[in-house]
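Each structure below is given as structure tokens.
Each of the next two complexes has chain A plus one more chain, namely chain B in the first and chain C in the second.
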Partner chain A sequence: MIDFAKAWSILTGKFGTFMEGVGVTLQLAVLTVVLGSLLGLVVAVFRRTRFWPLRILMNIYVAFIRGTPLLVQVLIIVYGLPQIGFRLPRMTLCVIALVINSGAYMAELIRAGLQSVDRGQTEAADSLGMSASQRMLYVILPQAIKVTLPAAGNEFIVIIKESSVLYAVGVYELTYQAYKLASVNYRYIETLLDAALIYFVLTYVMTKLLGLLERRLRRSEKTSE
Partner chain B sequence: MKKPVNDIPQTVNTPVIDSGSDAELLIQIRGLHKNFGKLEVLKGINLNVHKGDVLVLIGPSGSGKSTLLRSVNLLEQPTSGEIIFEGTDVTRAKKKELYKLRERMGMVFQQFNLFPHLRVKDNITVSPRKVLKMAPQEAEQKAMDLLKRVGLQDKWEEYPERLSGGQKQRVAIVRALAMNPDVMLFDEPTSALDPEMVGEVLDVMKRLAAEGMTMLVVTHEMRFARQVADYVLFLDDGVIVEAGKPEDIFDHPQQARTQDFLQKVL
Partner chain C sequence: MKRILALALACLMMLACVSASADALSDLQAKGKIRVGANIAFPPYEFYYLNPETGEEEICGFDMKLAYGVGEELGLEVEIVDQAFSGLITALNVGDVDMLISGLAVKPERLEVVDFSIPYFAGEQIMLMTKENAEQLKTVEDMKGKRIGAQMGSLQAQILEEQFPDSEGYLIDNPNVLALDLVQGNIDGWLITDLVAKQYMAVYADQVELVICDVPVVYDNSAGIAIAVQKGDNATLLDALNAYITRIKEDGTFDSWVDEAAAQSATLLDTSAE
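Let's turn to the complex of A and B:
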């Protein structure tokens, strides 16, 4: 039987431990979504260059990341990189792994955003004497980002959940903390349900906040002061 | 892509269309061909544009008039031929040269193509600021002056979405004018407008023409063509079939194809 009273007392009794895990999880998620978006942006723009080797390289990167499990990517980066001489803190390696992973997905989202910008925008920018980079910077990208933003928020939520695979490499994020607690108190189902509840609250609140942000964004486009 | 002109059958037999103005030459188009795959859209265009010319291009859809216009600022890369604008062949310009050339050619599109993420003031000033490196204050001053001339100064802070079609197109004209172009290219500027808004856009264009702006206009507005054009060019099937003063073209068309077309649209 699931002892819900016990689950509650574990949650309240070890709240600090859980929150430490939440802190690490959120830190990972924020770093990953920010750096991953930047990486995705660069990759998405490079995928449109005329310089085909770069384009192919970026396509390979995206295809490879999307076609392999996150856990394998994490293990390669976290254990593999130090083996070949990149001795970085464990946490840094984890961020690198998540950013490389998220960058590929963000690149796809941003590409879709770039493609959604009407061809006439390119022509208008060209007709005004803008260079290709000015056109991208002042005309295409701002519109693409606006389109991509909701998806980027979604990606943030995905990372909150997926960062739990880092449990496998011993980073003290939420899943790891919960599992550690459970392996001491032998209350696996109660303790891990607590962790699940916390994940759910995090993602649910984030979803609501993003919805709010999105609505505000849409409104700012339509009104003017 | 850029073949030497000599590769193609030279069109020595087609005369160079010229308004006969004695103002200096701004654009010389010679032997201009454009293919889309197997489809030959322009079949050897020869055209002079003098400073201050208002040339109106008419013709059935698919005749190549828009393609001709879009070739001038190289939104379409011609298959062969040359377009000399202020001494430089646009079709052979290097990237940076091309950007410079385009600064001096304003273009107005059928679909307006305003930047939806920018307010009216930023739509107008972004290129003067970023491309011409104009000081923000100067750019805004100029933008405001131009906007007043089209009666839209109160839309300064608005986003394009909140403007009517006619207002959008007037802003688009101002945006092009803010670059101080030597020539304005109009690609069916009133075709996407509700009928009651056509007049306000044509009025702005008439005033521009009266002020001496060099203009190339693709349009279906025959009344406008008759009133404003110095020279009317009738295109069909990729060639300039007939060209002349508006009264000649509209009242005494010589070619059967011109007569046929005008009969349908007038």
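Let's turn to the complex of A and C:
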């Protein structure tokens, strides 16, 4: 039976343990979304170059990452890289795995952002005599990023949730902490419900904050028009 | 909405009744089958074994021999359910499995939630290290700030917490992965049962030399490992299990299972190395 009183006493009694996990989870999410966005940006821009081998390489990368489960990617990176000589700290390996994963999704989001920039902008930049890289850097990209920003925030929320697979490789994030508590208190459902509640609070608050940011961005749109 | 809630409550209550029915042994006999929970990644206790004669995968190990033996003794069919170690006790208590035979050490906390048979085996607890580490790390003090691995929810995890409070604990469900962590240097030491340690020492012999280190591991081994069953009206079931365990220990059957399992898991290493 699910004992809600017990769930509550576990939550309050082991709050510190849960919060340790939250700290790691947020740290992972922040690092991943920042580095993943940069990677995604590079990939998205490379996918538009005229140099076709690069374009194909980037397409393969995005297709492969989107077509394989995150857990498998994590296991390959975390146990595979050390095997071929890259003995990095576990956290670093996990961030690498998450960034590689998130980068592919961000590349897709940024591509959509780039495509949303009106063709007239390209023509205008051309008529001013800008080079292709200038056009990208000063005209297209700033507008695309603004469109993509809310989606990047959404990716942040996704990573908060998806980083839970890292419990499988012993990263002390929220799910790991909950799982560890449950393995000694034998109250699986109650302890995991606590973890679920904490995840929900995290993502709900983030969603609300993102809503505010989005509204703020839209306001600037109106005044600039 | 109210009606749905009432229905859900009724279902919950029915579940509660089912799990608290009469005598455990007669329940099992009525079903004609026992579901035995185990974490099959713990050679030579329990492991998957590719039989070279039939070419088929079998579940082997002395725990599993015991499981099938118990089935035979009680006249019941045996179904082995492979589960993460840390989830075994919960699986037992929600009625997903009928008993646990998975190198489960008798611990006070576990006695609060399940009942145990008499112990059928007692392994030694040790810390496994690379030879390189073992030359430097010799005392509990040396392990300060070092990373020690153990299986989540295990006796070793408890030892880790109690005896090495200043070390960083690294808990994972899967012993195979812990072995990899040790070999790759992600953990400095691994708390494990001696029999299992010997398996992994052999597995990785060609890559790195693993040794049982000098760091003392203190634990109460008087309890040993035993079969766990759900709490409740289980006296006749436990009597039957205890009588069976006493018999196979006395007539040497159990020892022969241990030897057989050790030999099998040794060949398992040979074939996996090829």
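Everything below uses one rule, namely that the second predicted complex is superposed on the first by the 223 of 225 C-alpha atoms of A that agree within 3 Å, B and C clash if a C-alpha of one lies under 4 Å from a C-alpha of the other, contacts with A are read in each partner's own complex, and residues count from 1 in each chain.
FYI, contacts are C-beta pairs under 8 Å (C-beta built on N, C-alpha and C of every residue); 3 or more make two chains touch, one makes a residue touch a chain.
Note that this is a predicted model, so its numbers are computed, not measured.
Novice: Return fit or clash for chain B versus chain C, each positioned on chain A through the superposition.
Specialist: fit
Novice: Once the shared chain is lined up, is A:Gln134 touching chain B (first), chain C (second), both, or neither of them?
Specialist: First partner only.
Novice: With chain A at the apex, figure out the C-alpha centre angle toward chain B and chain C and round it to a multiple of 10 degrees.
Specialist: 160
Novice: Please indicate which partner A:Lys180 is in contact with in the superposed arrangement: first for chain B, second for chain C, both, or neither.
Specialist: So A:Lys180 only meets chain C here.
Novice: Among the partners chain B and chain C, which is in contact with a greater number of residues of chain A?
Specialist: The larger set of chain A residues in touch belongs to B.
Novice: When the two structures are overlaid on chain A, which partner does A:Gly120 contact: first (chain B), second (chain C), both, or neither?
Specialist: Once the two structures are laid over each other on A, A:Gly120 reaches chain B alone.
Novice: Between chain B and chain C, whom does A:Pro142 touch in the aligned arrangement: first, second, both, or neither?
Specialist: first
Novice: Between chain B and chain C, once the two complexes are placed on the common chain, what is the minimum CA to CA distance in Å?
Specialist: For chain B and chain C in the superposition, the minimum C-alpha gap reads 49 Å.
Novice: Going by the contact rule at the top, pick out the chain B residues touching chain A in the complex.
Specialist: Counting only chain B, the residues touching chain A are 73, 75, 95-96, 99-100, 102-107, 109, 111, 113-117, 119, 126-127, 130-132, 157-159, 161-162, 172, 175-176, 179, 185.
Novice: Would you pull the chain C residues touching chain A in the complex into a rising list?
Specialist: The touching residues are 12, 15-16, 86-87, 89-90, 93, 109, 113, 149, 152-153, 157-158, 170-173, 177, 180-181, 184-186.
Novice: For the complex, which residues does chain A have touching chain B?
Specialist: Contact set of chain A toward chain B: 118, 120-121, 123-124, 126-132, 134, 138-139, 142-143, 146, 221-222, 224-225.
Novice: Okay, in this complex, where on chain A does chain C touch?
Specialist: Going through chain A, the ones touching chain C are 1, 79, 82-83, 87, 90, 168-170, 176, 179-180, 182-184, 186, 188.
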